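Heads up, the next two complexes both have chain A, just with different partners, chain B and then chain C.
Coming up: the complex of A and B.
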């Protein structure tokens, strides 16, 4: 069937005609092959005029459109709705940003603006005539499970928030600890692998000796910090050293700690063997203050590289110092040492006074929260990126907070980097609520402009399988590459790298791109 | 009819909460004092010239665009809440809305500003990257409302968007909950006089630096318009100081200052940059990331010191005196420009409205909202409650938006 294009020229409230020759653009449009009608509107973003566009499209029985207007973001939602009413496929609407790309940059030189606008119009018409209609597909989520990995502070908050919104939650907890939380709790289990895609994940859970598959629609990663293993020279030298959270519990229950107490930021101060992300100083200061108030005679030393007492914790920093907690800053190059033969004395070089101090201690506490070693397995299984420190990397804030680059997977608390209890709870709440919202949509949308394999050309060389960051291509039963459409993001990497030129991106095929460029640049190649 | 939620403040916290509420199917009335949405973020610059640096400035601006188009959100600009009191389970809120004198037909061409005869202009574009992009007239300056009866802007406007007949409105709404998100105001850098703010032209605050970068894309010396080659960035100006009453750490300054430094080096790799700080508290980033970045650049120096004084030299440069952290020797260095990273103070934490809603003020001057206050339907969100950056604000707003009960939940 021959393409019938409707060209819509938006005058952007009389701004366009002042600099561009709209009549000439119209002439060019109508002289081009395939163009069935040309409409000029005052502004395409206005609801009233969209009626006219729909009526014109129906009258001329057009099946695709080229719109000369402004940024796609500014006009598309209402315009797309109008075209849908006219029965035009959304992938057959070409929006040319003539305002920002031709008009505004060449405000001073209308000739150039006009020439550029004409070239862009011709190229868009040529490209439009070659496009084929595409459909987006939807798939229902098979379950409405939200899986929360980790039952710590943030994990519990996430499960409660999701439960409150009426979603079924499953908590995977690696230890055997009992806890009160809504939904199902799987103790002694961990995530070892995952299949599927956002909305329909199949997680492989190792529960004790058994391997089980668990279907879920969304995942909240709340692994927390890697408290369980204390590595590093200081932890090796002092066998009974405590991580901060356990010391905090001890202070709360009232058992007086063996004094003096030294709170050191990390068991590996030179930073050679242990990946330490950061230190939860607000919690450390809170602990020090509480201890000092309960046992004023106990000496407390806080040994640190960088005092990151954020926000109102600064007041706690001051309060602790007023109460008599002694703060000592050291430099990474002169790390504190404990002689394993005398594990009750720590040697610290005070940076400010350049003095070497020997502190005899009864209790050694580590304030650091090392990255959770399980993050690696989880990130590999779910194919999400990690930070250099070994945490789960959060997605760009441009999307929403507590998201990861993959939709349907959320991250909260110390799984990213150390957080205080309060911050972890809030993030857990946010992540749980957002996961529940995601699940409540009930279906996922995919398809559109995705990669497609011409099976005859494929030599099953695996290049695309290895290249794709989303693991969309796989070798199917016919020993040829296939694309899992639900995973394809339409980035085109496999298209570019395929040595047999067997893959193409729908509506961005080689022909379409070269033809468009040829018209734009006005040359033969 | 579904009950609505009142959001006071159109900055990052108010916008994120409003959007999250609308997404839950609730109705929102958003009251903003200024002429556009975006709050502090309007005048901040995107710090990702080469790659996204996750500064979060675009987040509230994008939300503003979404909230404006949302049919379930009523956005009241140039408006203030005059009074609010509780009646039964709901609030009765009186809102005063000032006229804008420019209608939605405005396309932002700027011809009206060009032609406006008033010195200092009476018609303005929206602040920075604020949304919506509709101009507004300041009635107290405009000659039309004085004897002159000037109507030059109306005559030149291509879309006839000037409407002198616009009137002030008083509105009454009965929301079931109130979100208090009035945000912060930056500390005035000139409160710390020893660093040359006010007296030396090339000493600017980080807020000015952000605004210039947002508008022009590059930094120039205010005194002679030349690009600075040697810049000093100083942290904790007006924060962590008993003198001007900001004893707390403002939390977001290290984050934005390190990112501005990186942006400056991206725009001009030749720039020599010295970064003066007390403690490096880059929130939401791995601690050593900035240190590693600075180490990799030969032109960047990190100096742990609070400079004592900034003076002018005869040849138009700035002389910074700072003590060395190790031996306390006073080092003197010359710079083309000094950027002072200012902290924040809560804005409106102790307003009459806050008092009438039962919002208490904590020892640092921030509004404190707790679970007990939330049961009465008042939610304190964002940096008015404690120092935080845009990203943490977003997290807390989402969390708060989900704590606000919908009408169905409230009935149960």
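Coming up: the complex of A and C.
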């Protein structure tokens, strides 16, 4: 079948015509092969204009589209909906970001921008004519469980938020601690492995001595920080030093501290690389204020290299200073030291006054929250990436702050990097609600632009199996590679590395990529 | 035409690299118009053949841009991309072509200057080395 392309040119509220010759673009579009119609709209993000596009597409019976507009992520949802109404496959819509790739960066050279835009249009039409329609498949979720790993502050909040939305939750807790939370709580258990894919996970859980399989649809990782680890020269010198969370519990119960209190950010202040975990977080301020209010006569020193107190927590500085907490900032080159022979005196050089101070203390507290060592096992089992600091990595700080790159797996609280209790609670609520929403869809979507193996070409060399970060390729019964479509994220790493060229990424085939660059190189600008 | 303009092809991953390019445009950064952006889902998708074909089709310099290696959307994608680029470089060296013509860059989506910097660098390389294959043919 011959491709019939509809070219949509978005004028972006008259911004486009000021610099680009829209008529020329229209001419070029109509002169190209395969183009059935050309539409100019005032703005493609407007609902009324989209109706016109749909009507035009139906009239000319087009089966694919090239849209000259702005960034794909900004316009695509409404536009895709419109094209779906017109019966156009969403994978056959090619969006050309002419605004941010030609117009804005080259506004001082309108002539070159115009010719660049023309070449981009030609390349997009050429590419569009080569695309093939793809379908997404759906599968029903077998269960509607949400598994929360960790029963800390954020884990509890996540379970409650998911429960509010009417989803069954299972909390896996490493220790034997009891808590009030909705759903089932499995104490003394941990995640050791996982099978399946987003929406239909089968988790292998070690509960005491037994190994159990647990089916679930979504997972919330709320492991928190690795509280018990105290490594470093300061922890070695001062044997009875406390991590902040335990000290906070002491303060809460009202036990008076022995002697002056020094809160140092990390037990390893001269560590080679400063990790996020080593910063002092607003918890230190909170604890200091609480302590000062309960025991006004106790001297409190907060010794830190970098303090992270976000938003309104900034006010806690002032409050703490007013109450008489003493802040000392140090530089890494002159890290605080404790002589092991005299473990009640800390020597620290104040960065601001360049003065060496000796502080006698009764209690030494470390504010750092090291990464949880369990994160490694969990990340390996669920195949999700980690940060360099040993935390679970989120998808994107701007777009998906509590989502991992794998759909259906959410992360919250100090599992990513240290957080205050308030932030951990909020994130837990968000992650729990998102997990519940994900589960309530009831079915999973997969497919689309995924890898595909031409089995005749495959030599079963295992290269793709080793390369894929998601374990999507495997060697099937025919001794040839196959792709688990549900796991494939469509990155195309296996495609680039396959020595036999047996794998193809649909709609990003070698031909389509080389053809696009060839047409773009043909333009003179 | 008085002066031949260089032709640079940039294979950009659709995740962080394209976001960086868009952000640079939105924050008013300018860069040379000679760059041709080809979108790929991940820098690991880039194959040696794409780079070599681009050079054959008239590009003076080619660069691949992916996510930061520690923060790649697809976990190990940009590391794979760098491996691929290094492989192409070694091939070019064997063929007697300047290996500076091909380069790998990493960008974070919040980094507005990474993309213009990469473009400027590659356009400089293209201008300095001139059209591909000239030196070899004259010998």
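Brief remarks on what is shown
The rule is simple: the second predicted complex is superposed on the first by the 355 of 525 C-alpha atoms of A that agree within 3 Å, B and C clash if a C-alpha of one lies under 4 Å from a C-alpha of the other, contacts with A are read in each partner's own complex, and residues count from 1 in each chain.
Note that contacts are C-beta pairs under 8 Å (C-beta built on N, C-alpha and C of every residue); 3 or more make two chains touch, one makes a residue touch a chain.
Quick caveat: nothing in here was measured; it's all calculated off a predicted structure.
Applying the stated contact rule after C-alpha superposition, one finds that A:456 touches neither chain B nor chain C. Once chain A of one complex is fitted onto chain A of the other, the partner contacts of A:313 are limited to chain B, with no touch recorded for chain C. In the superposed model, A:388 lies in contact with both chain B and chain C.
In the superposed model, A:396 lies in contact with both chain B and chain C.
By the document's definition of touching, of the two partners only chain B reaches A:434; chain C does not. Judged by the touch definition given at the top, the superposed model places A:209 against neither chain B nor chain C. Shared-chain residue A:511: touches no atom of chain B or chain C.
Within chain A, the residues touching chain B in one complex and chain C in the other are 387-388, 396, 398. Chain B contributes residues 23-24, 52, 54-56, 58-59, 62, 69, 105, 107, 109, 158-159, 240, 247-251, 279-281, 283-284, 286-287, 289, 325-326, 363-364, 366, 386-388, 390-392, 394-396, 398-399, 401-403 to its touches with chain A in the complex.
Listed in rising order, the residues of chain A touching chain C in the complex are 71-72, 97, 99-102, 104-109, 112-113, 116, 119, 385, 387-388, 393, 395-396, 398, 405, 449, 467, 469-470, 489-493, 495-497, 505, 508, 510, 513-514, 516-518, 520-525.
Those residues of chain A whose C-beta lies close enough to touch chain B in the complex are 12-15, 77, 161, 164-165, 277-278, 306-315, 318, 351-352, 354, 387-389, 396-398, 400-402, 417, 423, 426-427, 429-430, 433-434, 437. Those residues of chain C that touch chain A in the complex are listed here as 1, 5, 7, 9, 11, 14, 21-22, 24-26, 28-31, 33-34, 36-38, 40-42, 44-47, 49-50, 53-54, 57-59, 70-77, 80, 84, 109-110, 116.
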